[in-house]
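Following are the structures in question.
In the two complexes that follow, chain A is the common piece, with chain B as its partner first and chain C second.
Showing the complex of A and B:
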């Protein structure tokens, strides 16, 4: 298919989609209105289960099985990307090159921000059920914080602080914990991922039943997964040398 | 303009798809896909929005009787973002592999099958 034909096919399709989309939008409830059926149900259920952050309650209590599927997608894609990015035939891992030059201010900022980001990330994970945040967000912040070391220009420091094998285990452990909490629900309460813990006090750290546990599990998994993923991409760029003609650049 | 947010969502999906169709570089195609996925976030959040309502997180200042925006679509948007991030990572890994095997990242030059 030439580029021209493809464009024509796309424009015809896009025209149809636009027409149907506009028709659909015109028939929708008014934007910003006060009629939200699912909102009322979800808020009611969250308050009953003493979870202050309703989004966390939806993700880890009311639709916890969906989240289990979602984190399985995450771990599968991390494994798949790691498989795709392994050193291919004719490639060897070379020694890490000397670090590039960086402004002293950039380096200082990086080193100062690493612990701060780590604390913010932990806070997001642990208080994910009472304040905005959660395992997914906190895990991303933790993984990003670690990679500030790369921004400071010291790949060797990042490499020392980030044993890939340990993060592989973190990733798997997070996913396994989620599954184990689900099985505990199956064993003690009769169905998968049903809450098995005391509900606690609304708005306190110990509240929401299994929601904080699942938050920590997902936080671990996302942290481990993203670190492994970024490590594989960085390796491609920095330490893998191909024996072909473009390897020496 | 009560349908403005919905139209932005539709526009993002279409312009992202247009980017994929016109793409001459795989990384460009992946980024275009991310733009199209951005449209779905806007659509979901627009569906759950309520004027004057606050975030669906309760505390000492926000009593459970306060009006909040729809937390269900927000949770779905979170799922959406996670899945889109993993898809992006996987596609970029594929692009790296394709570049290694075929020496090109232009989708149009990948017409022939090669073992």
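Showing the complex of A and C:
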């Protein structure tokens, strides 16, 4: 393709996108207005299923199939990254020496924050259907919180604390649970991911039917997936060495 | 309220410009983290705490960390390849 043809293709595409974008913006409701059709419908549906956090209700009840698709994308990309980042031919794993070049304050902060972020992450997952949060956010907090150990400079401790095989299983288990809940909906109510569990009391821990179950499933999956993903990157960076050459860290 | 929104959006625009103008990918990773933080403020001001939490986790922590690790891995790879010029440059997949 010549430069000229590329330019023409780009200009045609950009022109179409610009026209559509301008049309869409002109047709949008005013910023900050009080007329929200979707909000009214969503809030009503969420309250009907006793889910206090409407966002969670939208994600895991009203549009749970969308979320299922997103989680599948996540697990697929984790698998793909893990395959690409495996030690290649001619690369060997090496043990790394303990590095201790971090400031004492950084290390202290890291060690203090690890348990705190763990509790915050668990709370976000478990109360995702009552307060802001949910499986995705909680899983991310849990996964990044664990990597505070890397910030403290103790990679060996992090390595011991996260057996990758176990997190592989966690990731898969979370995705499988999501699918199983979906199939339960198909079996008991006739359509995939229908909220078939008892709805409980509004605002209580046991409310929202399948929403908290799906939150925990997504929490497991995201926690496992992100940990495995970061572990593969860290492994490449720190413990994998090309054959014969063991030099800088 | 409107002033707060304008302030937060200005912050986002400034941080985004900083990301674009940063000349090296590792500098961009750090400024990207700041940009994520500015977006968190916008989401909080617009009363979307769920989105703010996601952005806080993904945008300010996981993505910059992953970018940094990817850059380091590539640099190390390139260095090692320069050291052993030739003999196993074929299998890089």
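Here, the second predicted complex is superposed on the first by the 215 of 249 C-alpha atoms of A that agree within 3 Å, B and C clash if a C-alpha of one lies under 4 Å from a C-alpha of the other, contacts with A are read in each partner's own complex, and residues count from 1 in each chain.
Simple rule for what comes next: a residue touches a chain if its C-beta (ideal position, glycine included) is under 8 Å from a C-beta of that chain, and two chains touch if they have at least 3 such contacts.
The structure presented is a predicted model; accordingly, all values stated were derived computationally and were not measured.
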Contacts for A:174 in the overlay, against chain B (first) and chain C (second): which applies, first, second, both or neither? neither
In the superposed arrangement, does A:234 touch chain B (first), chain C (second), both or neither? second
Chain B versus chain C, judged by how many residues of chain A each one touches: B
Contacts for A:147 in the overlay, against chain B (first) and chain C (second): which applies, first, second, both or neither? second
In the superposed arrangement, which partner chain does A:219 touch: chain B (first), chain C (second), both, or neither? neither
Tell me which partner A:124 touches in the superposition: chain B (first), chain C (second), both or neither. second
Can A:110 be said to touch chain B (first), chain C (second), both, or neither? neither
Answer with first, second, both or neither: which of chain B and chain C does A:208 touch in the superposed model? neither
A:10 contacts which: chain B (first), chain C (second), both, neither? first
Mind working out whether A:136 is in touch with chain B, chain C, both or neither, as first, second, both or neither? both
Overlap the chain B and chain C contact sets on chain A and report the shared residues. 53, 55, 88, 132, 134, 136, 229, 233, 236, 242
Chain A residues touching chain B - in the complex, by the definition given at the top: 3, 6-7, 10, 14, 17-18, 21-22, 25-26, 28, 30-34, 36, 38-39, 42-43, 46-47, 52-55, 57-59, 63, 66-67, 70, 73-74, 77-78, 80-81, 84-85, 88, 130-132, 134, 136, 202-203, 229, 232-233, 236, 242
Over in the complex, which chain A residues touch chain C? Could you list them? 53, 55-56, 88-90, 124, 132-134, 136-137, 140-141, 143-144, 147, 226, 229-230, 233-234, 236-237, 242-245, 247-248
Listed in rising order, the residues of chain B that touch chain A in the complex are 2-7, 10, 14, 17-18, 21-22, 46-51, 53, 55-60, 64, 67-75, 78-79, 82-83, 86-87, 89-90, 92-94, 96-97, 100, 108
Please output the residues of chain C touching chain A within their complex, sorted ascending. 48-50, 52-54, 57-58, 61-62, 65-66, 69-70, 72-73, 76, 79-80, 83-84, 88, 91-93
